[in-house]
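Multiple structures follow.
Heads up, the next two complexes both have chain A, just with different partners, chain B and then chain C.
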Partner chain A sequence: MTRPYVPWLLVVVALALAAVYLFPLYWMYVTSFKSGSEIFANPPTFWPREIDLSIYPNVWTRRTMHVFLWNSTLIAAGVTAITVIFGTGCAYVLARYRNVWLDIGLFSVLMLQVLPASVMVTPLFVAFNQFGLLNYPRTAVVLAAAAKAMPFFVVLVRATFMTVPRELEEAALVDGNSRVGAFFSIVLPLARNGILVCAILTFMSSFGEYIYSKSIIQAPALQPASVGLSGFLGPNSTDWNAIMAYSAIYVTPILAVFVLLQRRIVSGLTSGALK
Partner chain B sequence: MTAQIELKNIDKHYGAFHALKKVSLSIEKGSFVALVGPSGCGKSTLLRSIAGLETITSGDLHIAGKEMTGVPPRHRDIAMVFQSYALYPHMTVEENLTYSLRLHGVGKAEAKAKAAEVAATTGLSALLSRYPRQLSGGQRQRVAMGRAIIRNPKAFLFDEPLSNLDAALRVQMRKEIRALHDRLGATSVYVTHDQIEAMTMADWVVVMRDGVIEQQGRPLDLYDQPVNRFVAGFIGSPAMNFVDGVISEDGRGVVVGAGDRIPLARQAEPNRKVVAGVRPENLRVAEGAASFHFEVGNVESTGSATYLTSKDGALQLVQTERLGFSVGDRVGLDIDPALVHLFDPQTGARI
Partner chain C sequence: MGVIMETGPAVGGLMRRFLASLRDGVGFDILLVGAAMVFLIAMAGLPLIYNVLMSFQQVDMFTLGSLIRPWAGFQNYIDVVREPAFWLVAKNTFIFVFFSMGGQFVIGFALALFFAQNFPGASTIRGLFLVSWVMPGLVVGAIWSWILAGDFGVLNTILKGLGIIQSNVFWKSDPAFSIWAVVIANIWLGLAFNMLLLSVGLAAIPRDLYEAAELDGANALQRFWTITLPMMRSTIGAVLSLGLIGTLQQFDLFPAITEGGPANTSTVAQYWSWQMSFQLYDFAKGATISVMMLVLVLIASIIYVRSTRHEVRG
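Let's turn to the complex of A and B:
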């Protein structure tokens, strides 16, 4: 095989993998457009015979989706706020100072990332119960999910801070600023892109948070859309087009944000903040 | 003359590493002082200690008569030009220039006027609304300078500011920095590893090695009277030649090989082992009887000067006239006895 064909082969492989990965998404949209009988047709149709959009408003009102989506937004916003405020400071310190204790700190932050939510949820539930936090279930979920999102955020933002040259801060100090002032007027604006990207990723992932919400929030009026969706699913579910319509309503905004910002997200993750 | 910056017994440890060892230095008001030495000698650490970017382990630091040992950089009223210029990439040239003024509560209009004035003196007037990434190396360098001079500080600190420029620009900026210093009448401390920069720009040169000041003085005094072999080899380009030898029986020369002897202008202790130091530019090709010889190993000509290097690489010679030697020639050399330096082979100290 000659050299120019290798990239083409790789592109084909990449497209095939992407197709496999994105197939469920495609199936979700297509199924939501199908009528009840067509869903169970054998062989399955890959494009609906007639597109029926009436299921969307129908599902929206029947499942009180505005309540679920509002809860999801609230939880995601809370998680993002906590993560950004505390994570940024933490990442800065980890990027600028080096000693044994900070290495241990960084290591434990990474350890947190390894622990799965399904393992953490039981001890967290017991602890929240003792603190009385279960009376404020959304707050409890925000705290739990923020702890889960924090390591990822800290590690990425730390890398962003490391791309900001130390000399800039020193110049600001000599120019008459304090450490805190130099952080806010020099370092933070330069790391802004990286922080923004990580904040968006945090928001998007906590918008789909499920495990903590499912176990901690009992009242349907306080549940996020992820839990609301699972209420739909049962052993005897046949309402597939409604379920898919619900999923589509839930997922589309996140997808839209990602597609709109994907260039910034990719460059923010790879190149750091200095430009 | 009063001391603008006074360092007394400054010690700096980084863990087990002893970066500055009891350094004492007094910098006169209005003088241009160069700290020079090989990398890792502590010159940058010393400068950063003056700026307050490094905390000193022990010792005393006074700036303009005030105790500044533990004072944070922002209260020291000094300006610093960094090697990388450290321009704020998210600010325009004007914002870079006025950053310190804004921090000190200077009004907008006044800061703008001041920036325009500084821009005029540094040749940046047309570039005020540009961002640092849109500037050339030399322009960035000027912004860094402008940012330092705009607030009229008690002292300017330069940390190898020219090392990122190309050779031609470096020579030009050397003159500009010196001219700026003279015009402002400021006190400047300039760190460099390039002894030519130190020699050409400074009134006072401080040579450092391993955290210790080896010698300080006026540039030409360092050149003429180096206190030890290290300073002798560091100051001057091309570097001084060192030849091992023994003082002759009569004490008026250094025997350096079969029949070769370097003459001395004064009486030295006979039969003592020494290292004789002769500068390449002080050696002459002998017309008649030569006092010592070398075999040509390499000839380089720049047009204005000819550089001869001996076959064993130990000796170098610079002549301003064009010499028609070729590799393998045996050349007789002569030197003015007053220009021969003697050093102790063990301690390196001047004899």
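Let's turn to the complex of A and C:
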């Protein structure tokens, strides 16, 4: 008799767990809605006594956020473009054929996936310095971050290409298509959704890129939003409602995209992540 | 076309065959893989070798612009080990890696088991957890830095309300807690990804194994030990080694929460290496520390490749 009630109890527990896990996000928004004196109330208020949004326009202009966000967008767009253009073809070939050379290629892509950015940043900085690339700091960051993002993209998109039936491509070849023609008119359209999701994931993660930008870009006018945030964040910060408002402006677009595409992102990750 | 005809039929034929292969043969595949590989070799492979080379050279402001620098042998390695902070950083790195991985794995596994139950909305609610994975690391660090703040932080309030602590813990400025502040934030950041991968592994276990065990009278704990854990072995291997790799890649939380302080009590290898290069401009030491770390990462990735090998081959 009690059987039908058990799932609903589980749903309640699941929602409670999710609420505990997402509390930091809630806390970010709530803090940004509080006034400068209320954030130091003791004990803290879990719901703002009065909602004060004035910090948002204040932070936006005082921190020149439009410059930072524009730079973040540029960098993320560049990284995504390079990753998609180079990575898609590579993933396709790695999914279609098997021989010793491609096994070595796949193995090295898997290996590159694990290199920490903090390991790569020192040699990249010194090498960019020698080639004069530091004069074009955003380009340098795009190149470095694309090399970091590409292996993961290749692994995920390869899993997508594996689901495209080979017979369709062979039929197109029999019908007189060239390899190039079959790739662009048959394979790519069938894998489009998977590639799109992976491209969006690449965009979102490079939108938050920090270490390369912090190390390579010196001029504040060229820095992305992550470096802008680090400018007034430290162990002794007190400006918390401003920091949280900045964070909220920064991540809300990412969160919106995530909520819209959640199902696809999760299924894209699960198909590729363990392969 | 005219130029090709004039240079002779042999070269023209070769050129045509090359173009045809590019459009319709193996040349197409080589072009696709080759473009990506050249880019990755230039931007990741060569810098990696350059990093190892620099760790054996004397690098200072005068030689920064040249490739051939005075040879230093193992002097950089000796210098790094003799740094007063070396053993402290090694201990912090161990604490950070071990407890981050442990926390992410245990909590992630528990959540994965819970969400493997059959109830409405399970996969949607589980998907919400992944939101931490798409957030910029620096923003996560900023939020946790505020939650963990000593005097007005909400974590202290909650812990006091639950009766776990009596007075405020200064997470970020107390040398006994500073590394734990970053560990807590990193567990939060990484556990969703752990849970997702473990959920995939759980879903792949055939249901009838559990039904057969249940008919044989095995209780829940016995089923977990005799079915779930053995069937999950390769997934667990992959998740643990990805956890190790991910933890060694974690950088953004350190500048956001503690900046390695106070007095290096929360500095780990990856942050120390960056500080050497970009705050003290000692690129040789920075490169040396990152080579040391690289060895750790390579060990982890060998385990990872071994545990996922059959999936790669499949």
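Simple rule for what comes next: the second predicted complex is superposed on the first by the 241 of 275 C-alpha atoms of A that agree within 3 Å, B and C clash if a C-alpha of one lies under 4 Å from a C-alpha of the other, contacts with A are read in each partner's own complex, and residues count from 1 in each chain.
We take it that a contact is a pair of C-beta atoms (placed from the backbone, for glycine too) under 8 Å apart; a residue touches a chain by one contact, two chains touch by 3 or more.
Quantities reported herein were computed from a predicted structural model and do not represent experimental measurements.
Of the two partner chains, chain C is the only one that A:L102 touches; chain B does not reach it. Looking at the shared chain after the overlay, A:L255 reaches chain C, while chain B stays out of its contact range. In the overlay built on the shared chain, the residue A:E170 is in contact with chain B alone; chain C does not reach it. Judged by the touch definition given at the top, the superposed model places A:S178 against both chain B and chain C. Contact with neither chain B nor chain C is seen for A:L74 once the two complexes are overlaid on the shared chain. In the superposition on chain A, A:I82 makes contact with chain C only, not with chain B. Chain A is touched at more residues by one of its partners, and among chain B and chain C that partner is C. Using the contact criterion defined above for the overlaid structures, shared-chain residue A:P189 touches chain B, although it does not reach chain C.
Residues 178, 274-275 of chain A contact both chain B in one complex and chain C in the other. Residues 23-25, 28-29, 31-33, 35-37, 39-40, 43-48, 50-51, 54, 59, 64-67, 111, 114-115, 117-132, 134-147, 149, 152, 154, 157, 161, 172-173, 188, 192, 196-197, 199-201, 235, 238, 245, 248-249, 251-252, 255-259, 261-262, 270-271, 273-274, 277-278, 283, 286-287, 290, 293-294, 297-298, 300-301, 304-305, 308, 311-312 of chain C are the ones that touch chain A when the two sit in their complex. Looking at the complex, you find that chain A touches chain B at residues 165, 167-168, 170-178, 181, 186, 189-190, 274-275.
Across the complex, chain A is touched by residues 51-53, 72-74, 76, 78-80, 82-84, 86-90, 99-100, 103-104, 133, 147, 151, 157 of chain B. Interface residues of chain A, counted against chain C in their complex, comprise 6-8, 10-11, 13-15, 17-18, 21-22, 24-25, 27-28, 31, 39-44, 82, 86-87, 89-90, 92-94, 96-97, 102, 105-112, 114-127, 129-130, 143-144, 146-148, 150-151, 154, 178-180, 183, 201, 204-205, 207-211, 214-215, 225-226, 229-230, 233-235, 237, 240, 243-244, 247, 250-251, 254-255, 258, 262-263, 265-266, 269-270, 273-275.
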